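Look at the two complexes coming up: chain A is in both, with chain B in one and chain C in the other.
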Partner chain A sequence: MTVLLSRPRPSVETARPAKRKIPAHWFYLAPALILLITFTYVPVGNMVWYSFHKWDGLSPAMDPVGWDNYVRVFTDERYWRVFLISLYYFVASFAQIAIALYFAVILSFSTRFRNLFKGILFFPYLLNGVAVGFVFLYLFQPGGTLDSVLRIVGLGDQARLWLGDPDVANISLAATSVWRFTGLSFVLFLGAIQSIPGEIYEAADLDGANRWHQFRYIIAPGIRRIISLSFILAISGSLAVFEIPFIMTGGANGTRTFVIQAYETAFQFRQIGLASAMAVVLLLLVLLITWIQRRLIPDDEVSLS
Partner chain B sequence: MLGALQGGAHPLFSMRFSERTDTGMTTRRHLLGLGLATTLTLAAGCTGGAGSDDDGGAGGEITGEITVLTNRTDLAETALPAYGKEFEAKYPGTKVSFEPVTNYEGDVTTQLSSGDYGDVLLIPNTVAVDQLGQFFEPLGSTDELKAKYRFVDEKAFDGKVYGLSIGGVANGLVVNKRIWQQAGITAPPKTPEDFLSGLAKIKQTTGAVPFYTNYKDGWPLGFFNSQRAILGDPAINDKFPADPAPWQPGKIEYITDGLLFDIVHGGLIEKDPLTTNWEGSKPMIATGKVATMLLGSWAVPQMKDAAKAAGANPEDIAFWPFPYQTGGKFHARIEGDYKAAVSRSSDNKATARAWLDWFVNESGFAGDQEAIPPAVGQPLPAGLKAFQDTGVELVELPAATTNAGKEDEIIKESEIDLTGNIYRQKLVDIARGAAKGDKDSYFAELNKRWGDAHSRVMR
Partner chain C sequence: MTRFFKYASLVGASIVVLVPLVVVLFAAFKTHAEYSTTGPLTPPRDWFNFDNFATAWSKGHMLRGFWNTTVILAISLTGTVFVGTLAAYAISRFSFALKRLVLGLFLVAALVPGVTTQVATYQIVKSMGLVNTSWAAIVLFLGTDIVSIYIFIQFMSSIPKSLDEAAVIDGANRFTVYRKVILPLMRPAIATVVIIKGIAIYNEFYIPFLYLRSPELNVISTALFRFKGPYGAQWETIAACTMIVIIPTVVIFLLLQRFIYNGVTAGATK
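And then the complex of A and B:
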């Protein structure tokens, strides 16, 4: 008792927060906040401002045009049609999630060479998107790597103009995207799976659960949030595809995505206002879809115990 | 997920959008820049320095340092500093440094809005003519400079010249003569029909690709817009923006874009346009795997170099006019390519102007690049002399005056990039059966889009 009373620390601790708590946490937050505001919210604010003007990016005068830019985005077929191209990438993202989940589950059990396989699966994500574009450009050339491989395995007659044929071009590009981004989904899933405590598997083993049961009743519920995050990313990502089609086809041959269209509007036709309106629309769409998705699949606390 | 990687988390998303756009732009422009800068000897691409002091204004002493922006990344370490040394020898106390910009158009446009863009630079084509005065010093009046230089009206507004060409080019077809000869054709075809049947013969008899579009790199498709002189009408740049439907039969776009359509529709191009490659096309035409490309006179030296490198005969490469005659004569447009200008925000305008004048008149840069010298009275390069001697009239088309700047506005408004590749790639897609439509429907659509924008701009 005396010992406790003689300890000065408690009183000091309560005294200090009372005076300094607010300045201190702002101080720690400041660098992050300054960066966030300077490089995210101010530019977004600018973009919204531009979207209500007609401006070429150079002229000192910006003509206010009200909602005209937005009206054009929604009424001119050339601007909204490009959203349909996103469907290719959206469908492909299901393949991507499935492949990533499959490998994440397999490699979370003890498998031979598992670290090697993890490396192989993650590697494409480490490559620069431009490099990926070029690699696949050579792969898809007539007489290129893909055609040669098909010939060797006796499927030579299946070869086609992978980028030149408008029916196949978007699929080729979406497949390239899958190849590139599976690694990231894989790592997310693997991380989530490995955070599930090992005893649960042991207990399941004792209860006679097989691998499928373990996946169905332990892993899948355990990584629900990551799966749902993956879907949000899939949707927003497929609405905003840019790099790969831009490098590989430049948006030609019916592969123009919304962001490529916005880029062209902004930087080739210098209609910064209209392009900003497109970007704002894209932002709102992604927010809306995310909101709907969260309403449909509420994000419950995951509990395995 | 695709997006995850691409887009990033959503709150940041729009932000990311702009970042990504920039990246993309850099990448693509970078390619284009490389294409233009290192490979094209675009006459246009010269680094010119142009400097001017205040027009008729305070003069100032020719001394001190200037910075010259250049798109010629290939020359920035070699030829350009050599020119710089000569200038410094003539004007002791000056120092010229060069700043190569790979992605010239995009990066310099951004620099313009920041106010820091060197002392002498090439005018990016993103600057509309009526904005020239915001960024560049006037170099003199159009009337006065016209007597001394070619191409002065291309970057002029309201009677004032803002940029001087550092070397001009002629537009036309780069061909491999040997292949055309194998198909039995030795003289430039005079009509689009003759040209198409010539290409068809090449396809039957030689196995070469008759016409290479460079669809993937895109910018070479823009040269279909550089053929306006074929009608022999010096006022066409003023008439063009006044016409709400330039894709009507008999009009210029119908002739040029129509020829492109027919070439593609006849199967006379490369097998897969989506995988063309500009760098790769040079040895192909040099060795006769490709017979024809529509480019400019600047490309001839490059193709000859490629021929030498590949062990083929450089003499096979020839420059032909666009296959269309007016009044029994070929007309080929010559134009000034990039114009050099003095920055309005320069601290050393006297030196900048001195450099510009020296570079244009005395450096010999245009001659070294086999370009048309900008100063009136200097002889044409040998290659173009030969071209002219075959009976081609070289035509310099005056820029629009009454409709100055309107064409650019209609282009922006309609998003039909006359000078570029976006709508022409679609044209190629339709012609090869990869997109819906036919020649008539697409030209009707273009006329409509152009007409709508036209009515908004010209009202």
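And then the complex of A and C:
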């Protein structure tokens, strides 16, 4: 509107109706959209195309193979088994949400050294993934921190190859991931709890509500959305686990995740078609889960300006 | 009783968070002989033994790593602020039919697991001839994302439109309004986005690992990762290098807590 006001309106229509001007807002959006399309949407499109071909990523020839790559992802044990590894991380993410919720609730009430505890709990989330990997390689190594602590508390005989034994390696890695990401869930929950107006608690106090009532009837409904969002992130996050196992074990000892398998298929064995099929399957799963979540918990406050 | 349990659990959690880091700090100050004879929970004898840090710094070419990281950070953060604020300006201040579609494109893109699409993104970056140059990382970090756009839009909607209109009456065109009126007022939002994205880029491992294969291009993540093979037996060096990577994060966190909490919560609750 303001543009129209400021400019003198042309009194006669210009004689070039074919050459329509591109509206100004597209110029402002262009850099963002060009980058988004070039590096996200075009790759996703290409990926679908590659997934129906056998291709090494180098030769100009791509052999169309129909659904073969997808059939292989679902029938060859080496490919579908890695999906099961996600279950370790998925279960761990429940622990993560529970721990985060507990600390968010107790820190939302007045506590000494509140900011200090908040900072300590949140801080691991900011650390470099490679550094976290090394810190926990050091912790889990034979005779390392974990074994020493166990010896001190008299559980020395429980020591084992935390990362070498296929029975426990995934649990160790999932625990590392809980250590790393609990802080994020915690701060999100805390933020949601604190956005509940304080008067509600005061009113509840007057009505004789105890702490449990406050949690049950004020806090829990107030943070329902963020908790459901956390579960979605947990599911898609556990399907796409990569950094921690890749850095710590490189996928050895039965810790290969779906994304590590896709990475090796693409960049070590040069089977771009097969790796693309894996990526498409993962993408569809994540989109499906998100769609289900949107169905179950409708967005009541869509706040697009 | 409940008070006791509350503080006990908080202290317990703090120990679980801090002990794994503190023992690595211990190891970083130990000599090789001391490391092999003492347990991981024993503090170092000499807290001023910086030999391991010196070794890690020079053997790991950490100066180069920090320099490469800084260059990538500077260029991609500057770029992403302009790309993001321009896009937010269009969405917040213009009305057009496809606005919801544009926002939807950014929203869906946030759901795409980036690690897996790299299979195909790699082919595009390769066709541009950017593989094994810092530009590969820069162009991938340059784009904006739904979180930054939301932070910018939210902040922009708190700037009264009458300011825009006043500037237009004074003869400014829409771009001048963006540059002279909106952008200077956006400073707090820009700071939040820069800090959140800056930490993410500093910590990014997969993109530099995939695209910056040559050792000259190492960023700090990949420089640290290179210690994994050849230094397997020298934990005191690895520990020192790990600390070199962690310390900047500690400093940034202590200085900029408020912005970091704001950015993180703004990101996920939308």
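The rule is short, and it goes like this: the second predicted complex is superposed on the first by the 260 of 305 C-alpha atoms of A that agree within 3 Å, B and C clash if a C-alpha of one lies under 4 Å from a C-alpha of the other, contacts with A are read in each partner's own complex, and residues count from 1 in each chain.
Here, contacts are C-beta pairs under 8 Å (C-beta built on N, C-alpha and C of every residue); 3 or more make two chains touch, one makes a residue touch a chain.
Bear in mind that the values here come from a model prediction, so they are computed numbers and not experimental data.
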Look at A:Pro142 in the shared chain and tell me whether it touches chain B only, chain C only, both, or neither; answer first, second, both or neither.
first
So, A:Gln214: does it touch chain B (first), chain C (second), both, or neither?
neither
Is A:Pro43 in contact with chain B, with chain C, with both, or with neither (first, second, both, neither)?
both
A:Ile235 in the overlay: touching chain B, chain C, both, or neither? Say first, second, both or neither.
first
With both complexes superposed on chain A, which partner does A:Asn170 reach: first (chain B), second (chain C), both or neither?
neither
Now for A:Leu184: first (chain B), second (chain C), both, or neither, which partner does it touch?
both
Between chain B and chain C, whom does A:Leu287 touch in the aligned arrangement: first, second, both, or neither?
both
Tell me which partner A:Val259 touches in the superposition: chain B (first), chain C (second), both or neither.
both
Could you say whether A:Leu121 touches chain B, chain C, both of them, or neither, answering first, second, both or neither?
second
Under the contact rule defined above, give the chain A residues that sit at the interface with chain B and also at the interface with chain C.
39-40, 43-44, 47, 57, 125, 129-130, 141, 144, 184, 233, 236, 239-240, 242-243, 247, 259, 262-263, 266-267, 279, 282-283, 286-287, 290
Which part of chain A faces chain C closely enough to touch in the complex?
2-3, 5-6, 23-26, 28-29, 31-33, 35-36, 38-44, 46-47, 50, 57, 99, 102-103, 106-107, 111-112, 117, 119-131, 134-136, 138-139, 141, 143-145, 148-149, 152, 179, 184, 187-188, 191-192, 226, 229, 233, 236, 239-240, 242-243, 247, 259, 262-263, 266-267, 272, 275-276, 278-279, 282-283, 286-287, 290, 303-305
Residue numbers of chain A touching chain B in their complex, please.
39-40, 43-44, 47, 56-60, 78, 89, 92-93, 96-97, 100, 125, 129-130, 137, 140-142, 144, 161, 163-166, 169, 174, 177-178, 180-181, 184-185, 230, 232-243, 246-247, 249-254, 259-260, 262-271, 279-280, 282-283, 286-287, 290
Enumerate the contact residues on chain B facing chain A in the complex.
1-7, 10-15, 17-18, 20-21, 23-25, 27-28, 106, 109, 112-113, 126-128, 131, 134, 215-216, 218, 271-275, 411-413, 415, 417, 420-422, 425-426, 429, 434-435
Could you list, by residue number, the parts of chain C that touch chain A in their complex?
6-7, 9-10, 13-14, 16-21, 23-24, 27, 39-41, 82-84, 86-87, 89-92, 94, 96, 99-100, 102-103, 105-106, 108-109, 111-113, 115-117, 119-125, 139-140, 142-144, 149, 153-154, 157, 164-165, 168-169, 171, 174, 178, 199, 202-203, 205-206, 210, 220-222, 224-225, 227-228, 235, 238-239, 242, 245-246, 249-250, 252-253, 257, 260-261, 264-265, 268-270
